[in-house]
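By written order: A, B, C, D, E and F. Residues from 1 in each chain.
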Amino acid sequence: MSGFTHFDAEGKARMVDVSDKAETERSATAKGRILMQPETVALIRAGGVKKGDVLSVARLAGIMGAKRTPDLIPLCHPLALSSVKVDLTLDEGNNAVEITATCKLVGRTGVEMEALTAVSIAALTVYDMCKAADRGMTITDIRLTHKSGGKSGTFEAA
Amino acid sequence: MSGFTHFDAEGKARMVDVSDKAETERSATAKGRILMQPETVALIRAGGVKKGDVLSVARLAGIMGAKRTPDLIPLCHPLALSSVKVDLTLDEGNNAVEITATCKLVGRTGVEMEALTAVSIAALTVYDMCKAADRGMTITDIRLTHKSGGKSGTFEAA
Amino acid sequence: MSGFTHFDAEGKARMVDVSDKAETERSATAKGRILMQPETVALIRAGGVKKGDVLSVARLAGIMGAKRTPDLIPLCHPLALSSVKVDLTLDEGNNAVEITATCKLVGRTGVEMEALTAVSIAALTVYDMCKAADRGMTITDIRLTHKSGGKSGTFEAA
Amino acid sequence: MSGFTHFDAEGKARMVDVSDKAETERSATAKGRILMQPETVALIRAGGVKKGDVLSVARLAGIMGAKRTPDLIPLCHPLALSSVKVDLTLDEGNNAVEITATCKLVGRTGVEMEALTAVSIAALTVYDMCKAADRGMTITDIRLTHKSGGKSGTFEAA
Amino acid sequence: MSGFTHFDAEGKARMVDVSDKAETERSATAKGRILMQPETVALIRAGGVKKGDVLSVARLAGIMGAKRTPDLIPLCHPLALSSVKVDLTLDEGNNAVEITATCKLVGRTGVEMEALTAVSIAALTVYDMCKAADRGMTITDIRLTHKSGGKSGTFEAA
Amino acid sequence: MSGFTHFDAEGKARMVDVSDKAETERSATAKGRILMQPETVALIRAGGVKKGDVLSVARLAGIMGAKRTPDLIPLCHPLALSSVKVDLTLDEGNNAVEITATCKLVGRTGVEMEALTAVSIAALTVYDMCKAADRGMTITDIRLTHKSGGKSGTFEAA
């Protein structure tokens, strides 16, 4: 296990210098979920069929959130993302909304933070849309599940 | 359990009209945690004492993230927050960083989303700072723990 | 007809000083439309029923765009909007999408620009979503239709 | 006429994946106009000569607006624009301000939305600067007039 | 001389809680200057009369910069500024551009940072506009000259 | 000494067209300083050792500020910075904080403005953190000290 790259030898925070890295195609996928009351799951399902669709609003917020990553995470590089996909599905067996986000870039640094930010903002948006009905929802299990491209090679979550 | 306020009768998304709500002092507290390898916890502790301090960077990112909430969450109102506090502590027994954020406002709508966003952005920043050492970290258990002010009264998580 | 308030006596641009204005409830409504091929109207209708809903995405973009008005229009005041509603409907007789936006504020200055910006961003989003099918669409007839609150009184478009 | 590329096969909104597109020089030009009272045209002309120059402020807002396109239009890619030009001229015969914007990029996707956004924000800024004198102005005829570069070839408005 | 209010008793950064402060009218004025070659001063003067006006562009950038203060300065409160004025004048005797910015607010916290940010962004914009002619310009002497409103009373620079 | 590139032949502001420039590695370094009371220097030193660290907060704000340059400086190109470093040190002999920022890019245009903006935002943040103790601080001597890469060659401040 190596140390932290976002600090220099004196412990000062910095944006890591990627000038010498090759431009390669990079991809990252993150996942997360929101746990809620069964009644809230039912309301989301009913809305998606008949009325307002919580999951569509959250999907869009997640895509837009990925683009704001360098504004939000202090040491992230500004990136010209070439693809963002966010998917939300109802998991009624577990009273949850499952979220998956995949980001791609042809560039010099990875896009894990963009994928994780997309999942987080989508989850927060689900919370916002449903909070009048259920304040006790929990956002949980946000993690990187896949990463490819770049010198550190491919990562797959266990 | 009521329905969703962010859709009108036809299911169209909207920013809820709060023009007629009273300006009252409102407060919200949210919590969350990041699970990591014991070696990562040790690296963070070592940095906070001697070198770069992951928790200070994440605290600042959380405070700034709270201010970006209306840019990120589609139907949130723009708000003039009167206070933001973000606290991160190492929980070595559980190999985790614990995050707590409290936001306040004198205004017409609650600040739950601001507190939850602060926790989420702080957690993502911890992930970013430590990911060179530990890609398998998980952000988990982000939830509202307290809310006061406004017509819906005080909420305390069970 | 008076002169321009956004310049001082020497012709220098400024944000108008509203410190002495009363906090009143203010509302503004703007409208606009996008003209397109009949086939494009048909594709939007088909999507709203079965697949991707162009109008829902544009509605959300319009709401979020209203919040960005002070970042975009140089001399607009930053405002804590209390309500934003954006509505898009298909007008098949005229091969058009009709857009209406209403913004509200309890504050010291009007919200015309917020309503006009919401309509503009929603229209641009319809263009973006449909441009692979129809590059010749035209955004047209964006105008203020109603304004109330504040010293200048109520305005209704002829 | 093809379908919409911003939805996948299930109708879910996405940012189109351009990872495999070639980096080519791309250019787009958009136009639009604002209709106003003859007295408002006269005030703008007088200001440009003697006092505050509405058209210079709007030109700058248009250039800055082009850069904000990915923040505003949900499914637009973040882009490193290589050129933005915005031109506004008084058309006294038609009681109008004419706006033209041209954006360029060496990259993987077109810049139509950037040019259209520049025109829209410039037009909104003209409205804002002149609204104290003329609330009835109309922003109209915003359309793409030229596009070149990329696989879909050159587009010229009829 | 008191300590720093932006840290709590444990030295953790925070946004100061202003919930209990009174809403009063607050004003702040800041000044600064940019030193340059005599030829650069002459070019700016020539442009302002005949061609592109550096000072008008910088004035607008300063006004817009004041509005971005809470996005830029980590612990600043988001504020609904009621007035921003930025003035730039050529000081040919000293080969300098002089900048003054005044911000106002009816609110719970002071607007010094908004005035100082407006001056800084205006100065950076002058540098950007003129740097092809003169890379050795220096931005200097940015300071608060006046502050009124709020509990700490009126401040005037010596 | 040449003229200004940010205006066209008619004096209209524009973002300079860099489409034809080569992608090269570019670097820029800027410096600046804040003058303060000796007691304020002592408070900053004490905080860095025991409590809240003003210089760490300002370093982070400077890094984040560099990324916001195209949002702030009207005619700057949006850039994918590959490196940002900001350093702040106490100069007790001169009662000052010294700031140095270096930005890098592999791209078509220089990064002077990013380095100068990083220094400016870091300086403003020091002011904000210390203003409760010392309102009379002055931000001074912000200038470019080094620039390399690109057609205009290397610049070193005298």
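We adopt the following convention: a contact is a pair of C-beta atoms (placed from the backbone, for glycine too) under 8 Å apart; a residue touches a chain by one contact, two chains touch by 3 or more.
This structure is a prediction, so every number in the text was calculated from the model and none was measured.
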| remark: Sorted by label, the chains bordering both subunit B and subunit D are A, C, E, F
| field | Centroid comparison with subunit D (C-alpha atoms), farthest chain | value | B
| message | From the C-alpha centres, identify the chain that is farthest from subunit C. | response | F
| query | How many angstrom between the C-alpha centroids of subunit D and subunit A? | reply | 31
| Where the CA atoms of subunit A average out and where those of subunit E average out, how many Å apart are those spots? | 37
| message | I need the residues of subunit D touching at least two other chains; which ones are they? | response | 8, 12-13, 53, 56-57, 60, 64, 68, 71, 74-75, 78-80
| said: Tell me the shape of the graph of touching chains, choosing from line, ring, star, complete and other. | reply: other
| Between which chains does touch occur? | A-B, A-C, A-D, A-F, B-C, B-E, B-F, C-D, C-E, D-E, D-F, E-F
| subunit B-facing residues of subunit C, complex | 25, 56, 59-60, 63-64, 67-68, 78-87, 104-106
| query | Hey, which residues of subunit E end up touching subunit D in the complex? | reply | 53, 56-57, 60, 64
| Can you list the residues on subunit D that touch subunit C in the complex? | 1-8, 10-13, 32, 37, 39-40, 43, 47, 50-54, 57, 60-61, 64-65, 68, 71-76, 112-113, 116-117, 120-121, 123-125, 127-144, 147, 155, 157-158
| remark: Contacts from subunit D onto subunit A in the complex sit at residues 8, 12-19, 70-71, 74-75, 77-80, 107-108
